Structures are given as structure tokens and as C-alpha cells.
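Multiple structures follow.
In what comes next, chain A is part of two complexes: it sits with chain B in the first one and with chain C in the second one.
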Partner chain A sequence: MEEIIAHLTPILKEITGYIYPNEIELHWGLLVVIYPYLTGLVAGAFILASLVKVFNVKEVQPTYRMSLLTALAFLLIAPLPLLAHLGHPEKSFEIFLTPNTTSAMAMFGFVYAWYLMAVLLLEIWFDYRKDMIVWASESSGLRRWMYKLLSLFSSDLSDKALKFDKKAAKVLTIIGIPSAFLLHGYVGFIFGSIKANPWWSSVLMPIVFLFSAIVSGIALVLLIYMVVTPMRGNKIDMTCLNKIASFLFYAMIVDFSLEALDFIHRIYESEESIKILAQLVSGKLFVSLVIIQLLIGMLVPLIAIAVVKIMDAPAELRRLVYFVSALLVQVGIFSTRWNVVVGGQLFSKSFSGLTVYKMGFFGLEGLLVSIIIMVMPFVILYVLFKVLPPFENPAQS
Partner chain B sequence: MDLDNFNWEEINKKLKESVRAMKSFWKSLPEQVKRLTVIVIVLIFALIFVRGLLVPADFGKYGHYRASAIDEIISQEINYAGHGICLECHDDIVEKKQSSYHKGVSCEVCHGPAAKHTESPDEVSLRAPRGRGYCPLCHEYLPSRPTGFPQIVSASHNPMKPCITCHNPHDPKPPQTPKECSACHAEIARTKSLSRHIYVPCVRCHEAPVDHKIKPREVLPSKPQTREFCGGCHGEDADSDKGIPRIDLAEHYEHYTCWQCHYPHLPEAP
Partner chain C sequence: MMKNTGKSQSTVSRRKVIKNLALSIAGFFTPGILKAGEVLEKFQNWVLGENYKPAEHHWGMGIDINKCIGCGRCAAACKNENDVPREPFFFRTWVERYRIFEDGEVAIDSPNGAVDGFKNFPDSDKKIVRSFFVPKICNHCENPPCVQVCPVGATFKTPDGVILVDPGYCIGCRYCIQACPYGARFLDPETRTAEKCTFCYHRVVKGMTTACVEACPTQARIFGELDKKASPLVRFRRMNKINVLKPSLNTEPKVYYANFDMEVK
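Up next, the complex of A and B:
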């Protein structure tokens, strides 16, 4: 009891207006911010990969495998913040054993499993099967057995089999696009369907989430491509980079329009919550929403990319602008998630008071755990790049 | 069922044919699909096996939960007796409480779980809180409590006396009728204290019959009904203090009543 009081006292001092007792402390903190951010990166990276397979955008071929592995690395970690937030991770498998079809949150387990097992792993497997067989024959010892196991001891390298691999990967990508939409659209759905919360309750939510996911995923793969390629002593393929930047630009335009539509719609509707939401946006969320999300995370990169494209800037400058823009986009999209998750809990359901979010450093919900969770996908990605190098492609050479 | 009518040879032949067809279908599958199919089949059987092992047999009988959980809950020890049974022995107190403000408060709220006491009244006796800690759980001032609900600030309300020296919990009418409205309308009094209206006594706007203090919900005080009432002080030609803000009643948002925009207990609020 005393612990709770010690925890609540500083928060109480920062409350403004009237607020119900159960709204003083936010229950969805930083971990719940990270969760949609990570799933968004997965969906976005996959959409970039699908450009190659389904929409035949040959220019971005160098990032195809990289995108798939990025999606996998982030997908493996995506449920971790939820497990850390809910506690009792040992019980989480029960949602698979006794499916509750009326609970959107419970059904997410199946969406996740479908996306991981039926789409992403299968597509990566079909795409890498030939290489894994070749690597197994070229290496020795433990590595040889690892590749043999990963390829499920497959050995058929006939033209027919390779053709089938290609076809299967394409079909899986086609299935994967709606699945990726489902995966991240679901996250938006969870927030959008909370009808008691005017900041969340909007049918546009899944679509806004989806497009911000595509933006963040494309920007992430662009960053990884720009960091990893020079590190390996290779030259960055400017045609590929220009194309990715173009897609990033288009996705941002759509995302920006959708968010603007949502914003205008809210103002035009002017429901009873509009006053407190206006207070929220112009007060507690001003820096994270207007400055970081809108200005630094959206308008600055949009204008920067547009300027280098229109001015036909030299490659050196383009690379710099793309890199900085992609970084800013990451900050902006993270801020978007923050503004949705934390912002939605800062105001009282009485519409006449605001509370504050105090982030801890230690503890399961603290900053330290969050940083660890955010670093983990990159560690997994490093291992994946070592085991399944996305760069050399004997299938093509 | 007449087994003699079955043409066993025919059935056998068809069975063999279908097995052959399945075999040739399996052979026609690409090698990698065969391997994946095996994995998928293993996974499906593993899931079925684990489900059979871990999901309780009676899960889902009534709903999305274990049916035997109900029996487990039923078999839990009963601690509370319910307020009906108290009447059997303590009829005088129950009757008194029934006509008091505390009629909605069950006996066990203060006296604690009474199931054991009702079974063996002589051996198990119930206690009631006698210190100052308990009553403020409901009656300490909190802005979210409804107006009219009696609230005190226990630090300043007769700080050394236990509540029961003045208030009988079974009929907690205060020993003296409260002189100030703030005894019950604490939230309004505190709000008004921040406003210039602090100098306006409650009865200037509300006519409160004496009986309101005794039967607060049955006899209600009046509220101003017209714009002209506020105009009594705030109108241009009102006979009031010079510092009071004035408006032209005929011009100033003439289709609205004053309290649609100004909260009378804190008119400074935006």
C-alpha cells in the first residue's frame, strides 16, 4: 500500500482538472508503445519485399532477402513486449490451446502464428532452399549439418524443383500481403475498436496504422541496407536506393493524407471530447505530436526527399538525405505509436482532466527492459545475416 | 445391417485403387513439399496431443472456462452471512438502522464477515471499529464524492475524538443540525472559496428550508430560474457594489441562461 502511495504521490501533483481514480496511473506504458512499433516494422519490411516478387520492381531486388530477414527478426521479438507487460509468459500458449473466438486480443495469437509460420518462414525457406543445399555441400562440420537441417535434408536441385521454389515464394508473397495487412491492421483494430476512448475509437485507425507501418518498415530496410552494404565493403546500388526512397516518399504521402483526414474529420465532427483532445494536443502532446511526429518525423523528411529528387542532387548528397530522412521517419513513427498509446490514456473519460505518464528505468515496464527489447531484433538480424547471408545469391549467379 | 449384401471384392478393389492414387499423388509432389507436409502433419498432431494433455476435460462445457471451476468456487468457505439474518436477534438495532441514513449500509460492512457468528453466536463475537480510521473511508472529503454526501476533513474535524462519541453508527444523524452548508456540500464550498462568489452566501441564491437540513433529499433548496436573478447584481442598472462586472441583459447572449456559460460557484472558470 505504501509503495503505491509513494508511487502515486508525485503523479497526483501533476494532474490537472478532474480525473477518475483509476485513470491516474497509465496501465499501458512504454512496452505497449514498442509493440505496435515493432509489428509495424515487420509489416512494412514485408511489403517492401513483396514489391520485388509480386509487383516486379526489379530495382529493389538487392534488398529483397534483407527485408524478409528483417521482418523475421522483428517478428520474433514483436510479442515480447506484450509478454513482459502482461507477466506470466509461461501461460501465453494457452490462447492457442483454448481459442477464444470472441476476443480480438486472443485471436491475435493465431494471426501472429499464421504470419510467422505460414507466410514468413515458408517464404524464406523456399527462397533459401537452393542456397542452403549449396552451402551445405560447400561447408563442413557443424555448419554443414546446420544447413542440412535448415533445408530439411532436401537435396533436389533440378530445374523443376527450383522453378517450383520460385513459384511457391511468389504465391506466398501474394498470400503474405493481406496477411501483413491483417497483422498490423489488427493492432490498429485493437485501438480503433475501444469505443469509450475518443482518441482511439476510429475506423481509420487500422488503415492509419498500416500505412505508418509501411513507412517505418521501408525506412528501416533502407537504413539497414545503407549501413550493412558499406560495412561489407560493397558499393550502394543507387538505382535501388532511389527506388526505395521513392516508395518511402509515396507511402509517407498516403500516411500523411490519412492522418490529416483523421485530424480534419475529428475537428469537423467536434464531438464532446474535442475540447479535452485540443488541450491534450496543444499541451502534453505538443512536443511529441506536433514537433516530433508531424514536423521532424513527417514534413522534414518529405520535403528533404522531394527536394533532392527534384533538384537531381548528386549521389553523395542523396545518400545523406535518404539516411537522415529514414532516421527521422523512425523517430517520427515511434512518436506516432507513443502518441496513440500514451496519449489515449492521458485524458480522463470525464473529459475534464489530464494525468501524466511517469516512465520508470528499472522493472519489467521500465526503460531498460524496453531498450533491451529494442536491441534484440538487431542481434537476431545479425545472426540471421551470418547464417543466411542475404547478399551473395548463388541462385542468381 | 446385412453384411452379406456387401460386395467385399469391389470395396477392396476400390480401396486399393485409392491407395494407389494417393501414392502416385504423393510421388508427384515436389520433394520439398513432401518434407514440409511431414513437418506440418507432425505439428498438427503435436498440437492435438498437447491439447489433449493440457486442456482440462470439462473445459467449454458451459462457456469459455473450466466447468469444475464452478464447483471449486461453490466449495469455498462462506464468510458473509448476509444482512437478513441479523434481524433475527438484533431486531431493535436493525429497525433503528432501517430508518436512518445508514439504511443502505449492510451490517457486515462495519462488523465484518458474520457467518461464523451466526452459527455460534456465543463463541464468536463480532467487533466494530471504534477508532477514527474507519468512518473516513466513506466520509473523508474527496472531490469525486457526490455533492450532498456528508464529508469531513478528519484532520480538522474534532481530531481527538473517536467518531462514535458524537455519532451513533446505527443512526448517524449529527448531534446538532449543521450550521453551514459546507458540512455536506464540501466540494461546492471549496470550489466557491476560490471564486469572488465566496462573499455571496449560499442562501442569496438558494432558498433552503430548515427541513432541508434534516431531510436533505426530500426537501430540496431552490435554484435561480431566470437571467434576471443574476442581473440583480450583474445588470447594468443593478443596485450593487461598483466592482461587480456588469452586462447589458438585453444584449448579452439574450437567448441563453447565465449558467449555460458561467458556473455560478466559480464564474471565473473558462
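Up next, the complex of A and C:
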């Protein structure tokens, strides 16, 4: 209690205009920024994987398994920031036991469980089944048993079974695309359906979330591919990289258009909230929205990728541009989440004043926990890469 | 004989056996369920008082802005009555002061929710055109967004139209705080659960009025029945031009304001 008071008291001096007295405590902080960022990466990485299986984009095959494992690693951590931000994490199971059917948030558990159990784990299992059987037969001791267990003790390597694996993975990807849309579109809906908040309340919110998710997911897999491949002493497949960069570019164009539409629509309609939102954008959100999200995270990578493509730049330059662009995109999309979540709470619902967000370092909702949560998916990904190497793919060759 | 037994066994289908079994087992529990109903009613009577039937009431509040003198007794009484944390970040009710200047500028303030009233009058060279006080409180909406979004159903509407929070169920996700357009909710710093005005439900079920209404020296606030003809609130709504906060959001507030200015947010 004392901590909260000590945290809130200095904020009183930084309020401009009038905000409702209960609004001084800003409720959804960094952790709730991280949550949509992580689920966005999951959805985006999965969409990239689906390009191979459903849309038959053969060029990006080298990243197929990598995308799936990336999606899994991030999905496993995605609920953690939500859990940590709850006032009573120990009661979170109530969301499963007694969900309120009118609440978008209550659907979280079901959407999450569906995506994890019915889509991602199954698809990975079918895709790796043959390899796991082979690895089990090639290794010994604990490792052998681990693969046996992971393959659920299946041992059928007949053509018929392998054909079924392929078919199952394809069907699961087809189910997976709308599921990935659901997973992240629904996160957008959580914000977009709050009529009390004009910054959030927009029917475009789920779609904007979705496309920014695809952008961030593709960029992340591109980064992982570019880091991991040379580390293993392999050459980066430029056809694959060019193709991923193209898809990143297209997704960014759609994302940018949607955000521009949202922006223009708001200004054109000029509703009651426009004055305070204009103050917000030109003031407290200027750096994170205009400079980081729009300029550094969107326009610079867009132009850079377009330029190297049009100029037919040499492979080395392309790699550099793709890598830096993908990094900037990550910063930009994180900033997008920040601007939505924190930005939506910086102005008063009285539309008469602005407040500030002060981030702590220690504590469950502080910076330290957030950094740990952000690092965890990469640790899991490292373990997954060790256990289920996504590199050699004898099933495909 | 053996054959016969076999035949009779086959005529009783497995489905029927299971059905009968289920029914008989259910029979064992019937008295228990009936008893549970009785216990629940007894419990409700114990909580609400013997004579209080929630379905027979429909509560609301009327606030006459012209009558409010900004003394803040209501906000202070609420904090006392409901053990609301004293710090200036947690309010079930508060009072706002509006000053509208000649050039159209509007200044709104509510120092410490007006728990200590408005002591100092800030100096300003500008001429004030209008000035008034607006008490704020949970609107106990007929169509409450907070109830809609609560993931676990911890916040709910009672049959008599009051919006309450069950702190035993609240997981502290704060979605309801985000969904409330009026800033009427806060997270209790002690319990880490959502808190808000209860229309002093613990008093109302005993036939008393709310603490804020009781403390108001000018009767700017009226608490009462919305549907009963003899109710002063019904008269209040008949005798005044009435407005509610943010009507465009279709939350259908049950706190009705008389002499409402367009600048009230």
C-alpha cells in the first residue's frame, strides 16, 4: 500500500488539465504492452509458416519450422505478463471455471488453449513425427527416451503414415490461419470494444492489430533466420530472404494503410475527443508515435526495403538493409503496442486533461520483470532448437 | 429358464439402465438441493435483513447541481462510511468545481476529491461567467460496460439495479476500470480488487439512505426509488430538466442531474 502511494504522489504534480481523481493510477502498464506484442509475434510467425504449407511459397521453406517453433516459444510466455499484472494471479483460474460470456477477456483462456493445443502443438507434432522417430532410433539413453516420449511412442514410418502427416499438417495450417487471426484479432477486440475510450474504440482495432502482428512476426523470423544460420556455419539462402522481405514489405504496406485510414477517419470525423487526442499525439506521444512508430518503425524500413529491391542491390547490402529494417520494425511494433495501451490511458475520460506513466524498476509490474519476460521466449526457443532442430529437414528433401 | 433371463436382460437397454440410475441418484440429492435453496434464502435474509426483497426495489440518485455548495461533506462521509483509503487517488464519490471564463476557457478541479471542500479560490485575472459544483458518483448504469467486460463475473447488477463487486471473485485485471466511462472505479490498494460506490447497499437494505445523501447539508443529492410514485426521486425527475453523463454512450445512467451545464464532462 505505501509503495503504491509513494508511486502515485509525485504524479499529482505532473497532471495537466483535469483528470478524474481515480485516473491518477494508470492501470495497464508495461506488462500489458508486452502481452499484445508477444501474441502478435506468435500470430505473425505462424502466418509466415502458413505461406509454405497453404500458399505453397516454396522459397520460404527454410524458415517453416523455425517459424512454428518461434510461434510456440512466444505463445508459451504470452500469458505470463497478463498473469503478472493481475491483482490476484492466484485466482486467474476463475477465467476458465466461471467465465463471463459477455466479456472479451474471458475468452482468452479458450482462444489461447485452442491455439496452443489444437493448432500449434499438433502441427509441430505432425511435422516432426517422422524426424522424432528417426532421432529416437539414432540416439541412445535419455535422449532416445525423450524423442520416444515426444513422438508419443509412434513408430510408423510407412509411406501411408508419412502422407497422413503431411496432410494433417496442411489441414492444421488451414485451421491455423483463422485461429491465428482469432488469437490476435481478439486481443485487438479487447481494446477496440471499449466504448469509454475513444483512443481504443475502433472497429479497425482488431484488423490493425492483426496486420501489425503479421509485420512483427515476419520480421522476427527474418531476424532469427539471419542470426542463427551464420552461427551454424551455413549460408543464408538469398531467395528465401528476398521472399520474406517482400512479404514483410507487403504486410507493412497494408498495416500502414490501415493505420493511415484510422488516422484520417479520426481527424475527418473530429468527434468530441479529438482535441484531447490531438494534444496527446502532438505532446506526450509525439516521440513514441510519430518518431518511433511511424518514422523509424514504418517509413524508414519501408523505403529502405523498396530501395534495395528497386536498385537490385548486391546481396551483402540487401542482408544489411533487411536486418536493420527488421530490427527497426520490431522497435516500431513494440512502440505501436505501447502507444495503444499506455497512450490510451494518458488522457482523462473527461477529455479535459493528461496524466503521465511512471514505470517502476522492481516489483511485479516493473521493468525488471518485463525484461525477464521478454528474454524468456528466446531461452525457450534455444531449447526448442536444440531438441527439435528446425534446420535439416529430411522429411522435405 | 436361462434363456428367459437372457431375454429379459436384453430388453432393458443399457441406455435405460444408465438413465434410471442417474434418476435414482438424482433422487438422493433432491432433498439436498431443496435444502440448499432454503439455506440460500436464509443466508440472503441474514445478509439483507428479513424484510428486504431486492426485486421490489429499483434504486437511483438525483443530483441538483444548483443546490451543491461544494462543501465536500458527501465525499468525506463516503470515505468514513465505506473505509475508502484516505489518499487522494481512491474515491467512490467526489465533487468537481467548474469555472467557465469569459473567453470560453473551462477550468475544472477537484482537489482531493473535495473531501476537504474547496478552500482556496485560485486567483485569476479572467472574469468568470459561470461557476458551479458537480458531485460525481458511480452511475449504476442500466447498461453497465463494467459488468459486460468483467472476465469472471465478479462485478454484477443486483435485482434492485445496483452495481456491486464481489472482492472474493475479483482477479484484479482492471478491465472494468478501463471500461467505465466515468472514472468511478479504482483498484483498492489493500485488497488489490476493484472498488466502487455501492449506493451504500449495506445501509439501503436496512431502510437507510446513503452516507453521501445523509451528509449533504443542502439536499443536493436525493436517493430513492425510480419506479414508485411516492418516491422523492420520481418527483425530482418530474420537476426538473434532467440530464445524465455521456448519454451518447448508451450506458443509461441511473444518476440524474438537474441544471446540468454543457461543460460537465
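The rule we apply is simple: the second predicted complex is superposed on the first by the 386 of 397 C-alpha atoms of A that agree within 3 Å, B and C clash if a C-alpha of one lies under 4 Å from a C-alpha of the other, contacts with A are read in each partner's own complex, and residues count from 1 in each chain.
Rule of thumb we're sticking to: a residue touches a chain if its C-beta (ideal position, glycine included) is under 8 Å from a C-beta of that chain, and two chains touch if they have at least 3 such contacts.
All values derive from a computational prediction rather than experimental measurement.
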item: Superposed partners chain B and chain C on chain A - clash or fit; value: clash
item: Which superposed partner A:18 touches (first chain B, second chain C, both, neither); value: both
item: Contacts of A:63 with chain B and chain C, given as first, second, both or neither; value: neither
item: Touched partner set for A:100, first chain B, second chain C, both or neither; value: both
item: Contact breadth on chain A, by residue count: chain C or chain B; value: C
item: Which superposed partner A:212 touches (first chain B, second chain C, both, neither); value: neither
item: Which superposed partner A:173 touches (first chain B, second chain C, both, neither); value: neither
item: Touching partner for A:195 - first (chain B), second (chain C), both, neither; value: second
item: Partner chain(s) touched by A:293 [first = chain B, second = chain C, both, neither]; value: neither
item: Which of chain B and chain C A:165 touches, first, second, both or neither; value: first
item: Which superposed partner A:154 touches (first chain B, second chain C, both, neither); value: first
item: Region of chain C that runs into chain B when the structures are aligned on their shared chain, from 95-103, 149-157, 185-193 or 239-247; value: 95-103
item: Contact residues of chain A, present in both the chain B and the chain C interface; value: 18, 20-21, 94, 98, 100, 102
item: Interfacial residue positions of chain A with respect to chain B in the complex; value: 18, 20-21, 94, 96-98, 100, 102, 122, 125-126, 129, 152-156, 160-161, 164-165
item: Complex interface listing, chain C residues touching chain A; value: 85, 87-91, 94, 96, 106-110, 112-113, 136, 145, 147-153, 169-175, 177-187, 189-193, 249, 265
item: For the chain B and chain A complex, residues of the former touching the latter; value: 30-33, 35-36, 39, 47, 50-51, 54-55, 59-60, 64, 143-144
item: Touch list for chain A against partner chain C, complex; value: 1, 4-5, 8, 12, 17-25, 27-28, 85-89, 91-92, 94-95, 98-100, 102-106, 108, 190, 193-197, 345, 348-353
